[in-house]
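Have a look at these structures, which come just after this line.
Two complexes follow with chain A in common, the first pairing it with chain B and the second with chain C.
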Partner chain A sequence: MKNFITRSSWHVWALTAAVVLALYFIVLFPTLRLLGQAFSSRGLEGFTTSLQGGQGDQNVLLNTVILGVLVGLLGMIGGFVLAMARTRLNFRGKRLFHWIAMLPLISPPFAIATATVTLFGKRGIITDKLLGLEVDVYGLPGLVIVLALSFTPVSYMNFCGMIRNLDPTLEEAAQSLGASHIKTLTKVILPMLLPGFATAFLLLFVEAAADLANPLALGGDFHVLASEIYFAVAGNGDVAYAAGVALALLIPSVSVFFIQRYWVGKKSVVSVSGKPAGEPRPLSSPWIKAPIAVLAGAWMTLIVLMYVTIAVGGFASILGVDNTLSLEHYRFIFRLGSDAITTTVSMTLVAAPIAVIIGSLTAWLVVRRLKKSAGILDLIGVLGLAVPGTILGLGYAIAYSSPTWLFGHQLLPAIAAGGSVLGGAVGIIMVYVARGVPASQQSSIAALRQVSVSLEEAAASLGAGPMAVLRKVTAPLIAQSMLTGFTYTVTRSMTVITAIIFIVTPETKVMAGQILDEVDAGRFGNAFAYCTVLIGLVLAILIATELLNRLVSRRSHTSKETV
Partner chain B sequence: MTIDLHAEPSSVRFTNITKRYKTGRGSVTAVEGFNLSIEPGELVSFLGPSGCGKTTTLRMVAGFEEITDGELTIAGRRVNDIEPHRRPISMVFQSYALFPHLNVRENVAFGLKLRHEPKDKIQELVDSAMESMNISQYAKRAPHELSGGQQQRVALARAIVTEPRVLLFDEPLSNLDAKLRVRMRTEIRRIQSELGITSIFVTHDQEEAMSISDRIVVMRDGRIEQVGNPQEIYQEPANAFVADFIGSSNLLEVDASAVELGAGDNEVLVPVLGTRMPIRTTGRPWDPSHSWKVLIRPESVRVRHEDEASAGAHDVEARVRGYQYFGDHVRVECEVDGLVLESRMYGHGHHFDAGDACRVSIVAEDSRLIRD
Partner chain C sequence: MKKTAFVLVAAVTSLVLSSCGAPEGQSNGGSAGGSGELKIACSQQEAFCQKMTEAFTKETGIKANHVRLGAGEVLARLKTNKGEFDVWSGGQAENHLIAQREGNVEPYVSDAASKLPAEFNSGDGAWSGFYTDSIGFCSSEKELDRIGAEAPTSWDDLLDPKFQGKISMPHPATAGVGYMVLYTVLQKFDGDQGKTIDFMKKLNNNIVQYSKSAATSTQMVGRGEAAVGIALDSDCAQAKHEGFSDLKNTYPSEGTGYEVGAVSLLKGAKNVEQAKKYFDWILSQQTQDQFGDVPSFAAPTHPDAKLGEDVPDQKSVNKVTWDVSQAADKRQELNSLFESEVKSSGEAK
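On to the complex of A and B.
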């Protein structure tokens, strides 16, 4: 049956075409170009070499898998414990707890790595100065800890949502049937959270296996596929070979991502029963509370320690070696890095609204407009997140560092990497958008599914055309989820390095790139100062957005009352 | 039905039970001075308007809410400080609370498996519980693949299979449609009396309470207003609140100075419709210092057309204000001396139009003088 929702005007067709074209250029085209290189003979050589473990004497593929599995397990458990602590323990300062738990998400990748070296490295404050231990954090153990700390917020948020959705009467039902607290946990709570554990593990596996920044900073001799790609490009300029290696990483990452999204995600058993019944109740058994409190406390302490180190490190000459107060690092970054700061912020603020618009329009098309092709569009949209950053960045380098041609006409000039227009800023912004679209799209899809079609039909029956309905009814109703997409894109863009490492240029400095340079050069103090400023900026943007949101929603609330 | 009960049905006794919730600002008293003794095998309903403390009281029996004050005993044993999973109770929830990660059979077996009963015994008990609830054919289904009524059957099977001494129901039928509700309540009553499990049934549906209970506890604002069997609650309500909450009623003001003591026990002569009617008091004897009301159930009010022959009862002139037809009965609203009386008459042949002149009589024996 054709109702007004599926009946289309030319506006809608134009909009669809625009969205598809935008998605094509920001994700599909670079990915396809990368695949093209990967399937060249040199590319296939890289691919097969990687599958056999790489060129060196260590098995890079195995390393990557081990790293992914360990980080996946640790981060999964960490996220679960933190989420249980937040939702099921009674204590003061839950907001603060939440902010601290989320902190790694809004900080650049090297922040924790650098702090870890300073605290736990060979001459680390804790390991060497305090305990006199002989440890080397470079390599697998350090990487696992740093990556787990960095990505745990992802699993923490996932678990928070799931635990909140657990129907507390199910636990009461179990108890009334004779299940002790431990049994309730093992027979009811954990089984129902099983999809959550799977999701957390898979997401973290992909993040860790594809991460480039930390292996560069902390990997030492421990090589993974991502660093192989980097060395192939940066060391030998062998892009085709790198593309081949990238394929070896792309296949498992994308498969895991889609397994998680289309299979595990659908398996969720939480909240199928009648009506949700109230808040989660605090745990009462000390046998469960104590381990959670201890583990969560330890985790929190570690995070706080890291960030105190970062904050203090910017003001010390060389933290751990020469602890005298020094403003030298801040002087340095404001002298040489102010460019990077303004460029990063402006590119982010350009990218975020674009990502939100593309993401929510995609969501609208997927949920309301398209039928059979909805799944395909949805898939293309989330590709920007499914494709690991390193690989997307490499795809950009391949696709856009020279002009784009179509049927003998130059369609686009070079827009990424050195020598391109606007110093490569366009390419970087496009990467930001590509990484931001999926979040915006997913939250808008969720929101749109909640909004009854009858609201839009009501507007249409009152004489609003499809475009007017979209602007006047649909968009305001999903405003909140658009905001989520905005904040997500901002944090991602400000902190990302992996995805743009191949297309940053000397003309367009980004903060994360500057930090990498400082870490590489061993100037940790400067890196700490940069990290602090960057975290501060992200927080400032987030807080400003939140305040604006409150202001606007209060206004719209009062206007609703007067209607 | 082949489940044989090893556990004896138990009594439940509330002594001065009080529950106060701590809130942001001070505390809320949800239940106060609750005294009740439930006999073994009895089904008692808690009935009352929303927020009167029914759920809270029930959850104190289950152990999900701490008892602020007073003593609760099950089978003579104080259970105030016993954890929920150690109490000999089972609960049936409004939302069914079936475990979504287990299928129907595993749901029913849940409690038995926890006790590490032998496999074949579990098998046998689960089979017979599912059979008695008519859900054997759904054994392998997931809860969300069942209708609401089927889910509630599973929940009931799961609750009884562990042979609890006390069965608790919190509005178990309120998510079902009207027809199914009637069927399920009959079934709950059947199972309950077959097994003879002491049961507490929370509802705000008076018809439900009337139809399945041995006794009904009517509550208001955390206190008991009246305890009695359905007949007592309906025919001898303790006060105007109970009368008004149960069924519909005409409650007439009483001029205390015009009341005289009557001939019979607890009988007084009250001026109603221009005559002195002998009406019995409920609960307490007449005491002019209190405020009282005359309760006249609509089915005690007879309305006839002016020209119809009188049945001999005292009747007065009235005017029809409204008339509704329900098939098996009609509802007539008449105006008498500035009062509005509601009448309900069963059978056919009662037809009135608004504005008709009519005559109204009252069955005095079924009317009561009750405390306001």
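On to the complex of A and C.
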């Protein structure tokens, strides 16, 4: 049967080679070059120093782990509560609820940090002016809250999907056998969601442990590995040492990522029967409803407060200090940042389709074409997400800030950082692609596994060549997942800072980088204005994509869980 | 198929191994030849960088763009990305000297430099100064009232336990001003490194955050996140101008450090002629007359240039001896000591 579609043509070979090469240059090569530096003597010094906890009295490695664990736990609970509220409580405005819950995902990393300082800092509008408290947000507690708020959408989405797929008949069975509501929750629902909890925790652990932007802005005297990497490069130009520190961060991050992907991810007991047998029912016990409603309400209020602060902050002279209306911040960013805005949007729009094409071709090769080597290709593809952004960016700076040579011939000119072709835009776009490919790849793999191969076989047996089958049959079948990959890449690219902090250049200014400068210089008003514009742009692109999608295909009837 | 994939992986891996270094005789730097667009590394406040870049383009017709980077960051990028910038504008003279010693500065004696007092020129063309200002203590009167403290008037005042978690200063590795603080304290102790580190360790107990950029500490004070910021007097005036109206600058009575904000021509510049023009331009009286309009609160170095409103008068400030060459010598050592001994010492709060 299979021979119809595994029948190869030179097109397929060429495609395979192209995908492998592309993945190699966007992910593998920079990572390998980084490892090369990490295993130099200076790099090993950085690595061993980091393993022993860094140079000072604080144990930087331990700090990083503590931060990761706390954010993982908090974000896991937050995501669960929000998802339960959305799927199992009855209230109006669920769409709005969903969009608000997702907001942190489409906003730049400092949005929440700056709003937190303004609202909850020592002289914060809420803590000081309303409650008269003195709270120090600089340091671990502030970091945990800011990071948890920022990354909770990831765990929320994860839980939403899982809870929707729970089979409600199991709950009904438990209850008709006399189990109380609470018992049903603890003995039936929670155990079934266990892999979801593990996934949420692990994903958030990786994100938090590798985050650079927030520790820079809010870390106080709390040092983590990512900021050590930054200060080694930006302060001392000691790339080899930084690569060593990066290795100490890379090992736990990548391990956790792959534990999640290949172990926890496979333990799922959800949707055994394929389709859930009926709609999830609203919760009925007030003992369960009340805490979920209160917690979710509080979380929502917090997010709304943050984003109101951001929106208002752009129009106030100095929010919390001098609240007079001012357009100075918007004048500033349009005078100074209009370049950054157009460059960021255009680079994103170039990167997203490329990421989708590479991602879905990888998926196609993994699911339909390759056998044993499929696993390897899959792994290389997701490496772009498994490798923390700071480290990927450092790898780019090492690998691509000088020309690439092969056997004495110049293969590539310098493509990242200053002095390179097109002002370093190529490097930044490649990073965007690297971060976007995994999402595209994963959603396309999931889609391809659900679609029976028989359609493609039918086309092949009717005489269509493999390329025609790919173009005319397979691609349309996974169009929805390609769209998911596209929107994901857009949001990621517009907001990413950690992965490009080492390769931004004079000619190619990136909005997220400009925001970091403003936050870092303490000009929060400008940062707020930038954040508002950035969020608006991301929303505009997402809505335009959605409208275009509806226009093109009116047959889409599946409910979308995309951003 | 499986075999093919392996062959491909093997092929590309060997490609990495062979592509690590450039062949002999070929430099690893970027391609030669400039685009005519001047690339400025700017170690000033963003608003200043922006206005100056714009004014330069407007007056000379030469296209230019800039990246704002702290002095420490520029030094780091000069090491890792040679040829990225044509000219370095702003940041302490000692950092430009370090760049020269590391082989990244092309000496250029501008005609305009002769108009400046001797202390604002390196003599050999490595750098020339176009603004100057001093380190001060930028305090919020409201916050001082709350903790019942007076505005500090000596370095030792900063060690008062009242200030615990109330002081902010820039990070010495990334911000030139952060390193200026280290060198000033060293001068205060007549070059005794042990005492300097001891002092910084004690001060560390009172620090709330070492910010990446110099100006941040003034903003943190203005917002009430800190009571005192160790900062440039010009940045304090700038923050006050931006709306943090209750800021007040004081100087340490035993003397403070000051900077000569310098410009230098970078080696490997692709737009040498344009870079020289920028060099001449920023030293001229005409340009420095505009500083006050930006507004920038650092004093111009040209003796006849207009002094803007609220620009701290540098002549009345009591300063420590500032040996640019020694300050350059000591940077690596003091910063490493800071990193290993000071930064994460003391009780975690």
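As a working rule, the second predicted complex is superposed on the first by the 549 of 563 C-alpha atoms of A that agree within 3 Å, B and C clash if a C-alpha of one lies under 4 Å from a C-alpha of the other, contacts with A are read in each partner's own complex, and residues count from 1 in each chain.
By definition in this document, a contact is a pair of C-beta atoms (placed from the backbone, for glycine too) under 8 Å apart; a residue touches a chain by one contact, two chains touch by 3 or more.
Predicted model, so just to flag it, every value in this text is computed and none were measured.
Chemist: Touch check for A:E457: first (chain B), second (chain C), both, or neither?
Modeler: In the superposition, A:E457 touches no partner, neither chain B nor chain C.
Chemist: For A:T404 in the superposed arrangement: first (chain B), second (chain C), both or neither?
Modeler: Second partner only.
Chemist: With the two complexes superposed on chain A, say which partner A:E172 touches: chain B (first), chain C (second), both, or neither.
Modeler: first
Chemist: Is A:S180 touching anything from chain B or chain C once the two structures are fitted on A? First, second, both or neither.
Modeler: So A:S180 only meets chain B here.
Chemist: Give one of first, second, both or neither to describe whether A:D136 is in contact with chain B, with chain C, with both, or with none.
Modeler: second
Chemist: Is it chain B or chain C that touches the larger share of residues in chain A?
Modeler: Ranking chain B and chain C by residues of chain A touched puts C first.
Chemist: Answer with first, second, both or neither: which of chain B and chain C does A:E45 touch in the superposed model?
Modeler: neither
Chemist: Name the residues of chain A shared by its contacts with chain B and its contacts with chain C.
Modeler: The overlap between the chain B and chain C interfaces on chain A is empty, containing no residue.
Chemist: So in the complex, which bits of chain B are touching chain A?
Modeler: So the residues of chain B touching chain A come out as 62-64, 83-87, 89-91, 93-101, 110-111, 114-115, 143-144, 148, 151, 155, 158-159, 162, 168, 175.
Chemist: Within their complex, state which residues of chain A touch chain C.
Modeler: Touch list, chain A to chain C: 6, 8, 13, 16-17, 20-21, 24, 28-29, 32-33, 36, 54-58, 60, 117-118, 121-123, 128, 136, 138-139, 216, 219-221, 223, 231, 233-239, 317-318, 320-322, 332, 335-336, 369-373, 376-377, 397, 401-408, 410-411, 413-414, 417-421, 504-507, 509, 517-518, 520-524.
Chemist: Which chain A residues qualify as touching chain B in the complex?
Modeler: Touching chain B from chain A are residues 167, 169-170, 172-181, 183-184, 187-188, 191-192, 194, 269-275, 277.
Chemist: Contact residues on chain C for chain A in the complex?
Modeler: On the chain C side, the touching residues are 1-2, 4-6, 8-9, 12-13, 15-16, 18-23, 26, 28-31, 37, 39-41, 45-47, 50, 65-68, 70, 72-73, 75-85, 165, 171-174, 207-209, 211-213, 215-216, 218-220, 222-225, 242-245, 270, 335, 339-346, 348-349.
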